[in-house]
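Each of the two complexes below includes chain A, the first together with chain B, the second together with chain C.
And then the complex of A and B:
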């Protein structure tokens, strides 16, 4: 008996903790990647439901202030969850999965990553707990109006900022740990495969950009609690230095999956791997040089306007190279395997990215931006991006992840496969209609984030609402088989004693 | 060759062409001289599409006075540029316990305590107008909306 054993107490907190973490914390890279993507799906369901309900509110063009608190609470929940937690969770989950699947790279700090995961969720819950008072108003642009800042500045608002800060700090740490552990455990020599190259690059981007948001949040907190002066312009710049790159975290990580798997479903090599690898630099650098295009109605000097106009178009060229590379890969193939639901998901993600990206070309043009600035045109564009490259692209990866993790002992039935296929198509078709209805209404002047609007826009709002609900049904058609797969896996593994091969 | 691949390539190229046409149309419609069917005062604004764009949105400005200064301005005044023949709708909310005096151009208005007033000045000449607001305590909020010819029958109220 060692000295250590001889002094062991009958009940030691350290041992108890070890037992608990061993039982409840994910201790594998694949499991931890699923923890993040599955949590992303749960948050997606929460924020999607919020959107479906506030779309019902928007069916009335004569809404008054009475309904505003509910509408803005739902809108806040929708936007906060999407930007602050869903996007980074999906990126990190995809990053972990890519490095594990393609290169056998592993996480090693499981307990720390699990603790940070739960803290990130807790921070988000704290941020949302304030309800309508801690509304969308507290972040730029509305959070920078002096009137808003004067009105929304109680301790509850500071708590919201602190909640968001906790979430973002945990996310930044997990992203850093993922990349660090991955690089440390890499055994293969030579070039990193294309999927983890993209996925880990944009997981690393979380580490580069999120501190800007954390600085903004802390500054606001100090502004409220310690009356530190908040300079609106600097705060706005800091916010968008995170706020623009964040929209690329998932799409560009998904690009890696498209580069890796579209050729497989097309049965030929990628048209040009060289293009794909060089393009990474363009995408990585220019992602961080375009944020000022969100400020085109601000009194910016001409040289900044010229710079962001050009840099945004260069970034768009990078995206163009990507879709052309993938389009040529499919075009030059003998056939494309649509029978595999992952193949279908990746194809729809690619198609959606093109359809969503092209209408955005008007947005960075300085002379034309005021026509559509802050209208539903912008909302339609970025939601189409989210619905296709972000959600459908992630879906392809998540299906692959689930099949890898659960498929051996709980394979998808034919009915489940049909349900997911129908869900993918219904989701894509419905949200295509919603996106274009939004853009058409926005071009005609429908301003975003308002509860009352001119009655001539009612048909557009009705179209958006009906098709958004149809898209929601599409999500259910995909989620039910996934949920039943996990449930069956749990039952088989833990209750029937089934062992994985 | 696959039809799906052909469709993707067609969408890339045709889509970009359509968007290029859409952008060109908007550029011409908003800034090309032949489409400026405006009275003579506007001839001096060649190259400045402001005021010559077909505006189908509500323009709004949110103004705040705090400690004797209007946000972002000096001398308690805000300069509003009004294009030719536009209607200015200025909604002032007075939630204070005293009356506010609003001076817009040459006219003066009194907004009683705990009330709001819509000051509507139709068919304005093009130019800069100074908006001044004064009271015993200059903490209040004003929302301004500018609607061309009152094309849309709504006035923006709120944040």
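And then the complex of A and C:
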């Protein structure tokens, strides 16, 4: 018996805490990765429901200011959840899973990661309770106007920014710990396999870019509490230094999975492993150099316009090489295994990425951008990216993750497999229609974030709403089998005595 | 020789194609920038913010209008111009970031109005008489959807 054991009291807070963390905290790398991806799916359901409801509001082109607070609160909830928590959670979850699955790398700081996970969720709840009606990005100094807030008033509106700051600080710390633990526990020598290489690189990008957002949030907080002057242009630039890279966290992590698994479903080698590895540098560096292309209608000097035009095109070339590499892998294969739902999900993610990417080629062009800037064209483009490469790509990984974790005890039934397959196809088809309806309306001048709009756009809005709801049904078709799988697994474990009764 | 070419492609093809793609991007970006700097591209002709596309000197008979944007409106919110008349709009925001999006038969004018900085818009009034509505394109609060103005060509 050690000295430590001999002086143990019958009840001590440390022991009690240890028991509680042992019981309620995830203590495996696979389990922790599921904690993040599953939480991502829950937040996805929350933000998706918000979108489905505000789409109903948009069916009336004659909305008045009376409905505006509800609409903009739902829109803000949708955007906040998507970018501030869903995206980083999915990235971290995918990063953890990639390092565990492909290289046997492990997390070691389980308690800390679990605490940070719950704190990140708490921060988001605090932020959402304030719900500034500013959509997902905060337009300075709009975010500082007290009249645009819902439940907090006066200096208490700073709680919104403090809540977001807590969330982002926790996320940054978890991302750092994941990469650090992964590197420390690596057993194999030589090149890291492609999936964890991509997934961990873009998990690390969270650490490089999120501090810019945290600085902006702190600036707003000081602006509210201490009346510090917030320069709109500097704050906006600072915000987009995180706000642009964040949109690539998940897609580029998913690229790693596509590089690793599309060749398996195609039954041949990846067309070019070299391209995949060189591309990583291009994507990593240029992701952080293109943010000002969100500001092409701002009063910016010509040299910044030239710089972001060139850097965005270089980044697009990197994405083009990815598409070419994966496309040639499938094209040169004798067959592709669509019967595996993961193979189908990865294929749809890649196809969607191509379809969503091509209309975006005009966006970095200074001369063409103003035609569609702030219209539904841009909304259609980036949502198509989200619905395909981000959601469907993540779905492929999450299905694999669930099969790994729960599949042996609770395998998917035939009905579940059919339901997931139908869900993937319904989701993809429906949102393709929504995306193109958005782009067509935007090209004709439908401005985003408006509750009252010219009546000629009503048929577009009706199409978007109907097909968005259909896509929502697609999500349910995928979520129900996943939920029943986890429930069955829990019940089986409970009766076998592995879960404490 | 044939075999030589095949093995060269196998060995250097990936790098070559990668470099070709980068060169293509370089050409495309340079061309685009040249268009912007020389003011020959579609929208730059109307003047991007910072007055960089505004003709100097202004054409004779240019109507110069100073507009202040605020939550939620413009003052003045009407511009009366003759058909084909050159118009210079100098935009200023009193509170938050607003936008100015005007679709004309000859192209789209779309700029943001940032507090503390002036934005400039230059265009020729359409030759067809009528009302042309501009709208706020940057979300600016609950009254955003109702913030607009009119160019009356008479």
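Quick note on the criterion: the second predicted complex is superposed on the first by the 464 of 501 C-alpha atoms of A that agree within 3 Å, B and C clash if a C-alpha of one lies under 4 Å from a C-alpha of the other, contacts with A are read in each partner's own complex, and residues count from 1 in each chain.
Convention: a contact is a pair of C-beta atoms (placed from the backbone, for glycine too) under 8 Å apart; a residue touches a chain by one contact, two chains touch by 3 or more.
Keep in mind it's a predicted model, so treat the numbers as computed, not measured.
The superposition on chain A brings chain B into a clash with chain C. By the touch criterion stated above, A:122 is placed in contact with neither chain B nor chain C.
In the superposition on chain A, A:297 contacts chain C only, with no contact to chain B. Using the contact criterion defined above for the overlaid structures, shared-chain residue A:46 touches neither chain B nor chain C, since it reaches no partner. Of the two partner chains placed by the overlay, only chain B lies in contact with A:323; chain C stays clear of it. Of the two partner chains placed by superposition, A:247 touches none, neither chain B nor chain C. Chain A has more of its residues touched by C than by the other of chain B and chain C. Of the two partner chains, chain B and chain C are each touched by A:365. Using the contact criterion defined above for the overlaid structures, shared-chain residue A:447 touches chain B and also reaches chain C.
In the superposition on chain A, contact of A:458 is made with neither chain B nor chain C. By the document's definition of touching, of the two partners only chain C reaches A:310; chain B does not. According to the touch criterion, the shared surface of chain A, contacted by chain B in one complex and chain C in the other, consists of residues 65, 142, 145, 147-148, 320, 365, 367-368, 370-371, 375, 445, 447, 450, 452.
Residue ranges on chain B touching chain A, taken from their complex, read 1-2, 4-9, 11-12, 15-16, 18-20, 22-23, 26-27, 30-31, 49, 53, 56-58, 62, 64, 66, 71, 141, 152-154, 156, 158-159. The residues of chain A lying in touch with chain B in their complex are 65, 137, 142, 145-148, 150, 266, 320, 323-324, 326-336, 338, 347, 350-351, 354-355, 358-359, 361-362, 365, 367-368, 370-371, 375, 444-445, 447, 450, 452, 454.
Listed in rising order, the residues of chain C touching chain A in the complex are 14-15, 18, 21-22, 24-26, 28-30, 32-33, 35-37, 41-44, 48-50, 52, 71, 95-97, 99, 101, 103, 107-112, 114-119, 135-146. Chain A meets chain C in the complex at residues 63, 65, 68-69, 72, 133-135, 139-142, 145, 147-148, 231-233, 272, 274-275, 278, 295, 297-302, 305-306, 309-310, 313-314, 316-317, 320-321, 365-371, 373-375, 445, 447-453.
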